[in-house]
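Please find the structures below.
Next come two complexes built around chain A: one with chain B, the other with chain C.
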Partner chain A sequence: MGLSSRTSPRVPAPIACAAWLSGCAGPQSALDPAGRGAERLAELFWWMAGGAAVVWLAVAALAVYAVRGGARRAGGGAQRALIVWGGAVVPTLVLGALLAYGLSILPGLLASAPPGALRISVTGEQWWWRVRYESPGEAVELANEIRLPAGEPVEFTLRSADVLHSFWIPSLGGKMDMFPGRETRLLLEPTRPGRLRGVCAEYCGESHALMAFDVVVLEKPEFARWLAAQRRPAAVPAGGAAARGGELFGANGCAACHTVRGTGADGVVGPDLTHAGGRLSIAAGTLPPGRAGFGRWLAKTHEVKPGALMPHFGMLPPEDLTALAAYLEALR
Partner chain B sequence: MKNAAPEADESLWLLAAAPAIWAAHFLLCYVAAAVWCAKFAGPAGPLAPARRAILALTVLALAGIAVIGRGGWRRCRLPPPPLSREFDTDEDRHRFLGFATFLLSVLSAVATVYAAGAAAFMRDCR
Partner chain C sequence: MTTPLERDQESRLLKAWTPPKGWRYWSEVNNTEVGVWYTATAFLFFLFGGALALLMRIQLARPGGDFLTADAYNQVFTVHGSVMMFLFAIPIFEAVAVIFLPQMLGARDLPFPRLSAFGYWCYLLGGLFLCGSIFFDAAPKGGWFMNPPLTSAYQTGIGADIWLLGFSFIEIAAIAAAVELIVGALKCRAPGMRINLIPLYAWYVLVAAVMVLFAFPPLIAGSMLLELERAFGWPFFDPSRGGDPLLWQHLFWLFGHPEVYIIFLPSVALLAMIVPTFARRPIVGYSWIVLSAVGTGFLSFGLWVHHMFTTGLPGVSLALFSAASEAVAIPTGVQLFCLIATAAAGRVAGSVPMLFTAGGLSVFVVGGLTGVMLALAPFDFQAHDTFFVVGHLHYVLIGGALFPILAGLYYYYPLVAGKKLSERLGTLAFWLMFIGFNVAFLPMHLLGLRGMPRRVFTYPAGAGFDALSLSSTIGAFILAAGVAVIVWDVLRSKRGQPYCERNPWAAGTLEWLQEMPSKPWGVRSIPEIDGRYPLWDQPDFERDVDRGRFYLPDADEEKRESLVTSVIDARPVQCLELPGPSFVTPLAALTIGGFFIFGTFGQWVLALLSGAAGIGVVCWWLWTGTSVILSQPDKDVGLGLTLPLYVSGPSSVGWWAMLITMLADATAFLSLVFGYFFYWTVRDDFPPRGAAGPGALWPCLAASLLAGAWGLTMLARRFNRLGRATGFHAAIGGAGALALGGAAALLAGPWSTGLEPTSHVYPATVWMLAAWAAAHGLAGALALAYCAARRLAGRLTARCDGDLENTALFWHFVAATAVITVAVIAGFPLAA
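For the complex of A and B:
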């Protein structure tokens, strides 16, 4: 961009404004919609913002007028009319119109997915996401990452295992709370491929801010290939440090909490790790992927994520940690 | 009114009546929809019967509010315009309470319509 380095004060207002608004773009912005619901909500936002700006300008203009003594010049009839119209009738109509507009959006946002649509259930747990692709096809459990086909409606069934959470992918649509003991539903329809980010939007304990997930919208065939790969059991490494890591995984009790399909590990307390090495982040959007990230997670679990419900393994010898990290990275 | 000087002993009940109708309407609408969806229709069932009930409740509530508002309007209109500059006679209070009742009725009517608005758009229990 030409004006990036030296933005002179004489930059025309629309350009300055556009540059400023580009701050609203990105993988986690409701104002940069990548889904049907988010498009409706962004429209609603702009109407609301425009309406609020008009009201604010009118009030500010009236305040200036009043301070300048205009009210004294106006007769009693005009004052009364201003109060009745400006104070009661117009606000009622404006609010009524905005309410009707907002309500008219709702049924579309709450509709069910058509039969045969992709169904995913997500359970919020302190502080990660259990993700199950239910149908079509055989169900498969994953964690902390959701991939979706572009242009297809997807129905989410949302639950919580412990406290209140809220499931929100701002670029795709509105958020929906997750309640222990109750199911909620959310329909999302991504419109274009891209990498997005989802978050927990309801305070749920000390690491609430570290409870995010990656969202990747793929073209349909690519999505089908990805899901088929996720259904396959883990590609267990045959030799080297990674294979030794696999033994350590069993010996250190990881398998009591984690499942790695295709091995003996079938714990259900923590996230499924069958393809953990292929995820775009570690520990619910908290660390970058790769061996270093896994090593840090195992050694400094509670510095990385305060309160995380996994014991840390900082007491293991460094070569064991390296081997475990190599094993996890190989689980693609 | 039978009392010779009704202005002398005024009650605040009428003032609170319109907002009370709004509150009752609000509560009943929610209860009607919640009971219908939870006990009869199911999570994706049709909302039609609850919507009819809400329509009936809304018409009733608006009628009640209209009656109260008309009473308030009469009270603030009937006596001649005030001459007193202090506005502290019984008539003034009567007029003031009437006016306040009228304004609260208008507000309650608007709030009742807003509350019922949701039922105008929602077709099922989702």
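For the complex of A and C:
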């Protein structure tokens, strides 16, 4: 049934073909599906787009014919027939068929995950994502990056810590809004490995545009290895600039907001940074990874992300910033 | 060859209808003047909103643009959407209707000219206040949909208050205009214009205005709740204190979806006037169009949930609202095919209006088809809140509203200015706009499906958005160039251009009776109608009208007059004396506007003072200008017909206006009741365990007192009819006292049990409902006092009892409001 069925992942030929034709590919494209829901919906879209083109051409042709006077010889009966058939009967039939097809997809999209499926809670916060892998095994909290096993249904439990957000990975399926004080659910099932991008789709304030996240679909064994690695505490650098950065991290109060498991840092206000250096981007999909990115984020926080709650640290001497950036980069 | 009598008649009509000169011109209330100010202002706001759109397009021309800051961009997109919706799309419908509706109906003016003028001044004041805010970096930035909690707890500036209070003010003015248009269409038609002969434009205006009546109140109620949360901490949308942000979305979209049709229907209405003229034949499928328009209006109130498909609703709701949303395509399709059938039946002459009509429809059909896609919940999961929707809504609104409005501009411009706009410039403008529009908005569909969300001030390079986004920017500027051509065409000096001939398009409907240049009286004599296209069907029609051979050819007392007719078959029932120019209308707008503007800045004392002054001005306006008892009871209006000058109750326009206003008021009230039951349904802690309600004693006493006040009001009306002064004053005094007591008792309930409105949404909701009903009790008491004073002053008599009739009608609603309130706040907790 629907999404939870275990048939092998397969992109229907017309979709693949059409997607290739129109250059719809991309890590964030609903027309380049990498998940079961997105496949169904892309297929639905192409059918509807084709149908819409036919309808538009038919109406336009009819209108041109009418204006040219081709229909004038026909009497009042023909005019009434035009209104009845063109305005009412044909649209009713077409819309009825479309509803039957479109709504038949719905149960699959809304189905619950099978027991034992991977469960991930995501909380939207201005403007980043708190991600918690609830199962299997012990829970682990990450931020701004989601990795998923290919071919497995995943159930997301969605919340917001502040305003409304909306959780959307276009290549995997539809979006779902996130509310404070209310839980929503979303079932996704990636079908092929690859690197994708998710975004916040609901306007959520000043830096709504800068609230993205990386999504990586891995083969199952690789995913298991990654999750195990994420569960481990941070690999604290032993020497050099990075180690000094670790001291600065404590001295400048970073630990009040951020957790780095395995160190004394256990703040819960901001993103967990235990493996921040291993992530594919910085500041919720805003900066490229690496030392330079961390440095820029620390020094120019509000230039990078206007309105961000984190205070900027541009007042620190450059060598301290470099050391902090080195420390964060080392947290792989 | 005019006879001396006709010349005298004309000079008297001229004296009555000529606008005042100099600065007093702005006290004018006549529909032709007010309608033109209204339309011009709406176009100015349109240009302002368009300029904001260009700023956004510059910002999004390339990835990582830094033309605007994030904060500025968010203000710009919020104001763009809000201005286009609230200050252009809806006002332009009401503005155009104010100009042309009376002329199409063969009336001299709308029934309440001062109300139109008041509506205009409110609109101007509120609009300037809103638009001005962006120059002080204080504009709203919560999106035109203003979702809390972003707009309640996370935006501390005055921007959100400007939006909530400013637009509530404008919405109240829009409801006033709607009341005016509904009563105009129902009661001020030319004799003989039975309900099946009404011009289609008037039908559409009627439908759209009725929709305003039921669509705006939920938003006003929602805005009130949100402002109470912002200003006083009543937690309607704060989940930590039992509130729920979803209630806002329900109330907003209960307004927001019908609003689309409120914009679209009056624009189709223009096409329904234009197409028959250029096809040289009557519309095909008149009754199909009327039924479809009414059907669209009804259906549009059952679709709002399709704006909330991604909020996690159960599958049944999704399927149901998908089906309902698809269904609205059918009446829309019928209207479209009626226009095509009309074109097919006639011989279409090419012209700028027809160019904009054809272009508009071809664009609109695309928007309709993408709408069919979006209405399907599963597809909406992907496309919702992306640029796909931005593309869709602009195809709908520009194709379905802007292009038809521009068709209307080119078509109707001669009626306003006496001269035609340029065919050449119009054609150029059309092609620039048509091409620019498609270059700008077609790529947006693909942008959305490639994953670009809406309302983003920037986007990353290489995500597949760059080229499409740049195309949109280029298209937007081409579109803007087309608009600039139109602006030039309208503004360029036409001094050398001769006045065009009368009825230049050879149309068949009444508005084209107008002479070139126009005369201020509108129509020389009010004709008797027996077809839908009198200028085509009735021989010598123009001549007979011009020579004053129909009704009211004269203004013997040099006063403004028009006819009131019956609703269904347009039988003349009254000769209505219309009020003339007055500065009371801008004064009322200023004082009532003061309430909202001071409130925005948190100056609630000044706000209340200004509001009280506003109520005073309105009372003075009513006292001096309405229900005036004339020296003679009736009048010869021509063609051997004598009509009363004063009527009251259901024959009068005032009674209808009261009824219609109260329907809007009741809708706002029911929105609040909906809120109560919404919380009760979705929240386990509503009411919180062990919470005190308002008790039973005070609410029940309040309901009894207000019901008693209602009974005494009815008794007072009876005594007045019988001419029993003592009985009247005793009854009305008693009613007023009971009303005040009832209002106090309503508030005493939650007061006595110590309900603290900031602590939780439950006490806040109880207080809100009680306060709403109490305010109605107070207003009812004021109305009773007004009636008593009118009778003492000899301005209300046994026969001339319009004020009392209207007050009695008002009291039906007050009593119902009070009883329902008490049943909900005191009765329901016992039952639940």
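The rule is short, and it goes like this: the second predicted complex is superposed on the first by the 310 of 332 C-alpha atoms of A that agree within 3 Å, B and C clash if a C-alpha of one lies under 4 Å from a C-alpha of the other, contacts with A are read in each partner's own complex, and residues count from 1 in each chain.
Basically, a residue touches a chain if its C-beta (ideal position, glycine included) is under 8 Å from a C-beta of that chain, and two chains touch if they have at least 3 such contacts.
What you see is a predicted model, and the numbers here were worked out from it, not measured in a lab.
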item: Contacts of A:40 with chain B and chain C, given as first, second, both or neither; value: second
item: Chain A residues touched by each partner, larger count belonging to chain B or chain C; value: C
item: Touched partner set for A:100, first chain B, second chain C, both or neither; value: first
item: Contacts of A:82 with chain B and chain C, given as first, second, both or neither; value: second
item: First, second, both or neither for A:110, with chain B first and chain C second; value: both
item: Touching partner for A:283 - first (chain B), second (chain C), both, neither; value: neither
item: Partner chain(s) touched by A:27 [first = chain B, second = chain C, both, neither]; value: second
item: Which superposed partner A:185 touches (first chain B, second chain C, both, neither); value: both
item: Partner chain in contact with A:168 - chain B first, chain C second, else both or neither; value: second
item: Partner chain(s) touched by A:92 [first = chain B, second = chain C, both, neither]; value: both
item: Residues of chain A at both interfaces, chain B in one complex, chain C in the other; value: 88, 92, 95, 99, 103, 106-107, 110, 185
item: Contacting residues of chain A [partner chain B, same complex]; value: 88, 92, 95-96, 99-100, 103-104, 106-107, 110-112, 185
item: Touching residues (chain side chain C, partner chain A) in the complex; value: 69-71, 74, 141, 143, 147, 149-150, 154-155, 239-240, 244-246, 284-285, 288, 292, 310-312, 315, 318-319, 322-323, 326-327, 329-330, 333-338, 340-341, 343-348, 358, 361-362, 365-366, 369-370, 372-373, 376-386, 446, 449-460, 463-464
item: Footprint of chain A on chain B - complex, ascending; value: 43-44, 106, 110, 113-114, 117-118, 120-123, 126
item: In the complex, chain A residues that touch chain C; value: 22, 24-31, 37-38, 40-41, 44-45, 48-49, 52, 55-56, 59-60, 62-63, 65-67, 69-72, 74, 76, 79-80, 82-83, 86-88, 91-92, 95, 98-99, 102-103, 105-107, 109-110, 126, 162-164, 166, 168, 170-171, 173-177, 179-182, 184-185, 197, 199-210, 212, 285, 306-307
